[in-house]
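Note that chain A is present in both complexes that follow, paired respectively with chain B and with chain C.
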Partner chain A sequence: MPRFRQHIGLYLMFVPVIVYFLIFLYFPLVRGFTISLQEFRMIGDRPFVGLEQYKAVLGDPFFWQALKNTLWIGAGQLAFGFAASLLAALSLGEVLNPLFKKFNQMVLYIPHLFSWVIVGGIWIVLLSPDGGMVNELLKLAGVEQPVHFLAEERYARWIMIGTSVWKEMGYTCIIYLAAMTLINPSLYEAARLDGAGRLKQLWYVTLPQLVPTMKTVFVLQLLGVLRMFDQLIVMRNPAIYREVDVLMTYVYEQGIQQFQMDIASAASFLIIAATLVLTLIFSRVSRYDLS
Partner chain B sequence: MSSIRRSTGLSLLVAAAITLSACGNNNAGSANNTASGSPSQGNTPAQTAAATQEPAKQTLRILSGVAGGKTPEENEQFEQEIERLTGIEIEIEKPAADYSKKLMAALAGGEKYDLVYMGKTEMDQLVEQGVLTRLNDMIDASAVLSDPEVIEPSEWDLVKYGDGDIYSILNKKEGGTLPTVRQDWMDKLKLEEPKTLDEFYTVLKAFKEQDPDGNGKDDTYGLSTSGLYDIQGFMSAAGVKYRYVIDADGKRSIPYSTEAAVPVYEWFAKLYKEGILDPNFATNDTAKMRELFLTDRVGMVTYWDAWVGLFNNMRQTEDPDTAFVAKGITGAAAPDGSFMLRRGDPSVWGIPVNAEHPETAIAFMEFWHSEDGNILSTLGIENVDWTKGSDGSYTLTETGEEHGMDHGAPFPSSTKFVNPVGTLPGAAEAREIIFSNNSTVELSTADWPNAEKIVQNYAFKAMMGDLPAADAVKSMNAELKSAGLID
Partner chain C sequence: MQSVKTLAPVKSRREMKRQQQTKLWSGSSDSRLHPVLRTINGIFLILLSATMILPIWNSLVISLSGSLASMQPGLRFLPADFSLEGYRRVWTAMELWRPFLNNVIVTFAGTILHVLLCSMAGYTLIIQHFPFKKWLIGFLFVTMTVPSEAILIPLYIVNKELGLLNTLSALVLSGIVSGFSILLMASFFRSVPYEMQESARVDGAGDLRILFRLYLPLAASGIATVTLFEFVSRWNQFTPALMYISDSSKYTLQLALRSLIILSDATSGSEITTPNVRMAGVMIAMLPLLVIYPFVQRYFVQGLTAGAVKE
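The block that comes next holds the complex of A and B.
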């Protein structure tokens, strides 16, 4: 108690933060959960229906298709995004010319600055069968019929993965580069004295030192998997809905387009539960909390 | 230290979960607020009147998707013009985009409007949720709105529920969609108006291969659509209609998933394979499709009848010497010579049950369907969009020309109204095609969004040649059945 009194000023400063979170996060969370247990109506009574909306969501084949797509695309984005950014960071780490390094870093980073509306629009144009750059290159390579990449189901998920990796690689790469600057130079010096070449230094010094950062990056990307939305809303179209509809687009369609707020809320809470489970599994497996 | 890290990890988890839920919950939360601030469900005129016992003030708050000015500045002028003409002090909110979402979010958030504009889908949702006032008595009591020459009885039928309950007032007389062709290209290539799928193929192939724009480049397509919106003019050849058909026994079917549609999908596959159909047809939005038509990239699109006039107006406003001529045509005839085109869903005005001035809202609707209202909803604002000569003639200003005689209702419901400036070139003829060729509205149900995804998926596969049309239709039908979306 005396310590509380001693630091009461600090506690008081924290009050607005608590109030903010209570009003803008926890309150809507509780209201949303309440709605997921009701039959939603915009005006009038909202009878409680227990877990009926959850049952409706779990009995909806479109929800399961969306979950399958989410895991497919999410796994691809995690795997390729993780590997590509790490490779890019390691490659840039080997570049000695600082100007060249910064230039490449900037080029890699720029796509991250744009919203998905811009990036999606760019790729829709690039992949267009009507004069799109990719099809023009294919034509030069002898392909006669243009490929409608964004209307073919077989390409749809891969395009979502590829464009996402392309957009976010530079951002994650910078996190790795920042972590690399904190590696103790004496470790490299010791490795060199032991006769390690650049590749072995990379393998035995850089990579192990980056493991905590990798875990952080991975958990952040993992949390994003079930939340992916902007990219899909911009780049999907009726021809590929089935392959690229994800959980968040399912929630959006149910809640905003069909205005079934009860179903959308139930689906949201299922997603929250799934995220918690995923994160707990990763935390347990990677001992993230101990790194 | 370890426990601190552990608790940090847990905090991260909780924060992530909360962040994740933000999207759905903000809506949900705001939606929930409505319950406390709104009257309980019950939307009869008597209850509404009881809730507004004080004399109705002549003020009105409107949420509009189409009615109003074309710019925020002109919107203010529009409000002033209504006040001048009616004495009603009016406030119109006209979102620039995503109207339907704005409408739903605003109503769920407890916003009080006296009138809201909406399409049929939104109307169905709002009626189902008890948000709209039942208007039968108010309409019966109104000499204007109950006049069959102002709003035809058959039009009212489009917005009736159950035993004839009406929750909205029609905004205008909707037209329909039909193939729209570059008549100047037809004339140049000496082509006859097509009536069958084979004849359409001949015309579209010529548009693709005979350099109709004369620029010496192979850069034109015969036909463009925006996904399945709207291939009805061609499905007409098979006599099948989009969305649901429910027979006398209540059995639901989707004709696009039946064998009858196969020849039309095969026809599209041939166009796609030969490069006659715009390869982006599956991913186009309607704006992209319109742009292709207006920029000489494609010879035929399928779109609204009113747009025939707008296409011509746009090009002629831009270049008075243009050869560009858009013309609406009937589409492909079924073997018996009949056509099956699409009539647009009704667009309507509703009065929410929490409206503060429902009587004034009715007064505004009476104005909207009067001569002055018709002039405002078509030509626009006096001395801004048009001027009146001493002889009583109307002349569009430059601004009015640009606005294309559409300020919410380019074709008012009233059969008494004759546009004093005349309609835009080609629009009246296109409209005549819609109303004289068995054009009917499409039947949707709450299940349709899910069914549509399945229909689109297989229809695109068939049209792009990824699957033989017969297989695609078979799979489409089987999947719709197994999902319980057809009987």
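The block that comes next holds the complex of A and C.
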């Protein structure tokens, strides 16, 4: 106890953190779980109904559509984002002029600075059928009718994938570049002595050495996929709701707009469960196969 | 972060060796790409950078065009009928200054408090022989595994019950501390020699004094990293604002822009929002970030590498 008293100042410094997380994280977590087991009313008693709300969510075709869209868009973002950022990093790594390298690196990172409201706004204008830059370029290429990119279901998901890759590739690219500078130079020398040209060195030295970083990046992005929200809230419109509504927009719509907090909470906990399952699967797979 | 600093000499040494080696081992094996490939690579990068710059440039051009000109189709790389009308209209007539001001308040208050609270918490984690430290770290780790989006609904209820709906305080409070920042602070503080703290303590300095006079100045570049990350994410903060704010006088920039750019398509209001007005709004929101970015890029890279490579 005297030790405790000696450190009382230190505990006081940590108190705000504990209070914050108790009120804004641990309590809502418990509260959310309770609500998901109840029939929710803002006023009056809330009878427990067991797993009824979960059954309601799992029986809702919109939930399954949202799950399908999440996986579709998420898989696209993961795959294309992975390829694009890695390609950009490898390409930047081969630049000899430091100024040119720095400039490109800086430019690639810029879109990551902005919110989805800004990025979404910019692309909505670029893709607009009346005078948007993309359609003007298509016109130059000989396409006569302007394409209504954001109003047609068949383009919707691809646009969500493309704009996300555009926004985030610079960020991931810099992580790879940082990891590349940590590769032991003697590995390249050994490869060179064995007669490997630069392309072979990239294939046999750089890529394998980046695998641990790739795994970290992949896990972080995988967890982000189930939580994607801002982009879709900003870029969707009634014409493409069916194709781009994702799990979190489903939760938002049910909970805040239709005020069915119980259904929304049950859906949230299904998302948390799915996140845990995905993490477990990935840690299993990566331990046995990749490393 | 340390590793990045020490990299420069390693690289130049590598460069020297490489030059020696290419003399000795000229021929098929080289540490550089074939000149043709190198040119292709350069062109590829220029195109890639162009895809990043053009959309932003396009927005700037539209924002500086006159209202009528901005509605006319056609590829343009310079403003047609140059005018600041878009900015004037969005700032005064559509009162974007109000959300802008709200954004400034929320961003500054939030960032300062975040850095202050996280540095205090991070400091406690580096004190040796501090009872229950393991518990505190465990407590933090749990908070980092719970995705904040997953408790969207109960968080809304908590804010409602605390009377925080439609207040800027709700936005300042949201994410006022984070496990990630605290651990990052602790790792920056750990690079300061512990003996300095002990001798300061012998001289009679208290914990707050040691933190503010010793650690914060010595770990300044680390603090700068956390501050900048927080500044940018606060400036861009969208989901909490969407959840907690419905009164338009409390709108932040992101909410105002959302209704300006995206929702104005759907609502058939009394006047049409012309493209130059919308893009002027976008440029106003981007400007503070673009202005600080060139100066702070170093810290961004530092923060990224501290976060990612360390694991």
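We take it that the second predicted complex is superposed on the first by the 264 of 291 C-alpha atoms of A that agree within 3 Å, B and C clash if a C-alpha of one lies under 4 Å from a C-alpha of the other, contacts with A are read in each partner's own complex, and residues count from 1 in each chain.
The working rule: a residue touches a chain if its C-beta (ideal position, glycine included) is under 8 Å from a C-beta of that chain, and two chains touch if they have at least 3 such contacts.
These figures come from a predicted structure and were not determined experimentally.
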Discussion item. Just checking: does A:111 make contact with chain B only, chain C only, both, or neither of them? Give me first, second, both or neither.
Written reply: second
Comparing chain B and chain C in the superposed model, the one touching more of chain A is C
*Is A:125 contacted by the first partner chain B, the second partner chain C, both or neither?*
second
Query = After superposition on the shared chain, which partner residues are touched by A:261: those of chain B (first), chain C (second), both, or neither?
reply = both
(Q) Once chain A of both complexes is superposed, is A:44 in touch with chain B (first), chain C (second), both, or neither? (A) first
Is A:23 in contact with chain B, with chain C, with both, or with neither (first, second, both, neither)? second
For A:148, using the defined touch cut-off, is the partner it touches chain B, chain C, both, or neither? Pick first, second, both or neither. first
Under the stated touch criterion, which partner chain does A:64 make contact with: chain B (first), chain C (second), both, or neither? neither
Exercise for review: Please indicate which partner A:96 is in contact with in the superposed arrangement: first for chain B, second for chain C, both, or neither.
Suggested key: second
Note: overlapping chain A surface for chain B and chain C spans 25, 27-29, 31-32, 35, 124, 130, 223, 226-227, 229, 237-238, 248, 251-252, 255-256, 261, 264-265, 268-269, 271-272, 275
In the complex, chain A touches chain C at residues 3-4, 7, 9-11, 13-14, 16-18, 20-21, 23-25, 27-29, 31-32, 35, 88, 91-92, 94-96, 100, 103-104, 106-111, 113-118, 120-126, 130-131, 133, 136-137, 140, 166, 170-171, 174-175, 178-179, 181-182, 185, 188-189, 192-199, 201, 213, 216-217, 223, 226-227, 229-230, 233-235, 237-238, 248, 251-252, 255-256, 261, 264-265, 268-269, 271-272, 275
Interface with chain A, chain C side, in the complex: residues 3-4, 7, 10-11, 14, 17, 21, 25, 28-34, 37-38, 41-42, 44-46, 48-49, 51-56, 58-59, 62, 71-75, 117-118, 120-121, 123-124, 127, 129-131, 136, 139-140, 143, 146-158, 173-174, 176-177, 182, 206-208, 211, 232, 235-239, 242-243, 254, 257-258, 261-262, 265-266, 275, 278-279, 282, 285-286, 289-290, 293-294, 297, 300-301, 304-305, 308-309, 311
Chain B contacts chain A in the complex at 2, 5-6, 8-9, 12-13, 16-29, 31-32, 34-35, 38-42, 101, 104, 107-108, 125-126, 129-131, 227-228, 278-280, 282-283, 353-354, 446, 449-450, 453, 456-457, 460, 464, 466, 483
Residue positions on chain A within touch of chain B in the complex are 25-29, 31-32, 34-36, 40-46, 61-62, 124, 128-130, 146, 148, 150-152, 219, 223, 226-227, 229, 237-239, 241-242, 248, 251-253, 255-259, 261, 264-265, 267-269, 271-272, 275-276, 279-280, 283, 288-290
